[in-house]
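The chains carry the letters A, B, C, D, E, F, G, H, I and J, assigned in the order they are written, with residues numbered from 1 in each.
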């Protein structure tokens, strides 16, 4: 995969957990965080091209019930902590 | 590790890549995305307790030069896409 | 209890006192202030884990009628004034 | 004591813990929370009259280094969870 | 009377004069200004205690038709121009 | 006097009381409230014409130290509670 | 005429030209500009007293269909470019 | 002249009248209003082409001391109240 | 063509691609970008006069379904990169 | 080229034309519009990959003097008006 986006989501309060569960099963969505503060959910999305991100975010994700508003931050580049990710092969639980 | 935070960062424009590199090497920071839009960087941070997040974000990360403003979203819960993460042991490249 | 949150709430004006009363009886909610200014109510919530805060705030509290919008500030840490709290055993009235 | 205020504080990032410690020792300040999100600290203040709140917040608290901005929400009324506060005499740990 | 509040009100445009008239007759409301700019009405309210302000503002005033939004600024203290108010006994017209 | 304005003022925190005292002695300023919330002071100003308000607010008041920002709401009309103001001649205390 | 106001108007997009036409025929409204940017229309209004501006803006203008929101800026004073207005001929006073 | 702009200006408070006077003498500026509310001055500017507006606003007007911030609203079209402007005499076209 | 505008558009999420397609076929609209971030679409519009821009943007474009809000930035002037545009005759693909 | 971005720029007022000229000569920048309204300049940027956009925008463009703030909208997709662009080979002037 070659492009990544961070999607900041405001959701209907009574559907946050269900929505997060649904979103996390969509192809291209790798992680969804339910968070406290200015937003309700943060989703990490990966795809081949920017245009594919649009398909996943505007079409696939918005079919799920409960999204009130969202703002997409397309990543220029990803910087990973190698110490952390070296351990992924061994099975990391969080 | 038991708590996660998403940190939205505004940075000095001429230091974004250097800052992202430095942040991604801090213990507890797992990923840093340089992004287009309302923020400049998004960092994913993991720690044992909320109090440890404060130490990583307010002390360790803010020692790096270039952070203008930041807002921390502590995660209530993380929802992972099992299809994606099952593949991590095999070596995922992005 | 191990984690604390401050919840800033905007409420329907005609239901503020009733809502405050209901919220203050929810398990995990310790104090509710009806306030003047940018928000209508401020609730202090305590739980075992961040995930439990989500249950109390997004599910239990939002079952009460009258919440228009809310924003949760999860505490990294609590600093108590020992002089004040030493007196709690003797019965403090406010 | 007869009036209560919730003070929302933005602070200089490198001084949050020290500031919280100093504020929590000021007469009239009962609790200070360092928080994630739109604000950095939330302080609960109690006094005899509104005018005394001004003295504590605008004079005593602002002598401490590190406050960038603050907004005071004066409480109309406090609603306590009796189940929680009944237990205070017995020693509550958080 | 011992506490004062300034209430900033946004109102439905077609009801501003009628609303101002109604509000100015409520016990505890001393003056109402219809104004140009960010707000539509400014009301000065006086009461015995902060809790009484809540009753007047959230209950009595909000029974009047036409308030869209309001924000209450509780006064810490009032500073009067003695030259002006000395003349009040003689009958001031504005 | 024929025109009235409500001036919402943000002030330097360490000078609020001194500033309020100075402002309340300016010719044309009738009352100054130090308040909690989005603003620090609210001043009521009266003059003959709109142009005179500009002189009082932009020139006379801004000579005082401590005003950071201000916004003037010129009154279209004033609605007084006759019950309250009938009592002014007898000596009202707040 | 002795007082002037600049009214910034947000309008329903499909009615901007019709609304501008209607507003420009109201007694007291001298010019209406349909504009690009944060607002849709800017109207210049002149009247005898501030109270008359309220009548024109809140009552007469708001009877027209299509105003979504408006904010009135009452002029303290008008400064005309004499070179321009010298060409206007017989002498207009405001 | 064929294009018109409304320029909303925030100015340094102690220079508003002087600034308004200077701006109103610039070629292309027809009227300047010192106003109460969210802005300090409103200038009406006329020129041949949009590009000429840029010269007047960004270069000529900004040479004057005291402008803190400004936002230009270019007019799509001007609607004049013919009753008012009939009194202007020989016929001005914009 | 002599005047240009950049139109920033918020759209209904489920209609972004269809809306972009429709807008890009309107006479006067040269390019439409579906974008990530604070807005959903950016349209470049060219016309003879400012008044014609109003017709294209407020009438022709708003007939398309899905525009929630829009803000027009009229160009003072266009600066083209000659290296890029020299190549247009040869067929540039993006 | 495969990715496009729209960059919204706030600039120092006295340098807008010079800045626009400099930016329009940077490799990857195709068009720069000086505009009226909430922003001062809008730049269209094209590159091979998102990461290359970061280099052009954060490094190359920010070396130019006069940028105060900027926000990048990465395009998911570009929709061109074929009628317009068919004419490009023949030499279009604006």
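A few notes on this one:
To be clear about the criterion, a residue touches a chain if its C-beta (ideal position, glycine included) is under 8 Å from a C-beta of that chain, and two chains touch if they have at least 3 such contacts.
These figures come from a predicted structure and were not determined experimentally.
Ranking every chain by how far its Cα centroid lies from the centroid of chain B, the top place goes to G.
In this structure chain I contacts its sequence twin chain J using mostly the same residue numbers, the overlap exceeding half. Look at where the CA atoms of chain E average out and do the same for chain I: the two points lie 48 Å apart. With centres set at the average Cα position, the gap from chain A to chain F is 51 Å.
Chain D and chain E have centres, each the mean of its CA atoms, that are 29 Å apart.
Residue numbers of chain J whose C-beta contacts span two or more other chains: 2, 17, 34, 36-38, 50, 53-54, 58, 71-77. The chain pairs satisfying the stated touch condition come to A-B, A-C, A-D, A-I, A-J, B-C, B-D, B-I, B-J, C-D, C-E, C-F, D-E, D-F, E-F, E-G, E-H, F-G, F-H, G-H, G-I, G-J, H-I, H-J, I-J.
Of all residues in chain D, only 2-3, 49-51, 53-54, 58, 74-77 touch chain E in the complex they form.
Residues 1-2, 4, 6, 8, 17, 20-21, 23-27, 29-39, 42, 46, 71-81, 83-85, 88-91, 94 of chain C touch chain D in their complex. In the complex of the two chains, the chain E residues touching chain H come out as 36-38. Looking at the complex, you find that chain C touches chain A at residues 5, 50, 53-54, 58-59, 62, 67, 70-74.
Those residues of chain F whose C-beta lies close enough to touch chain D in the complex are 13-14, 16-17, 34, 36-38.
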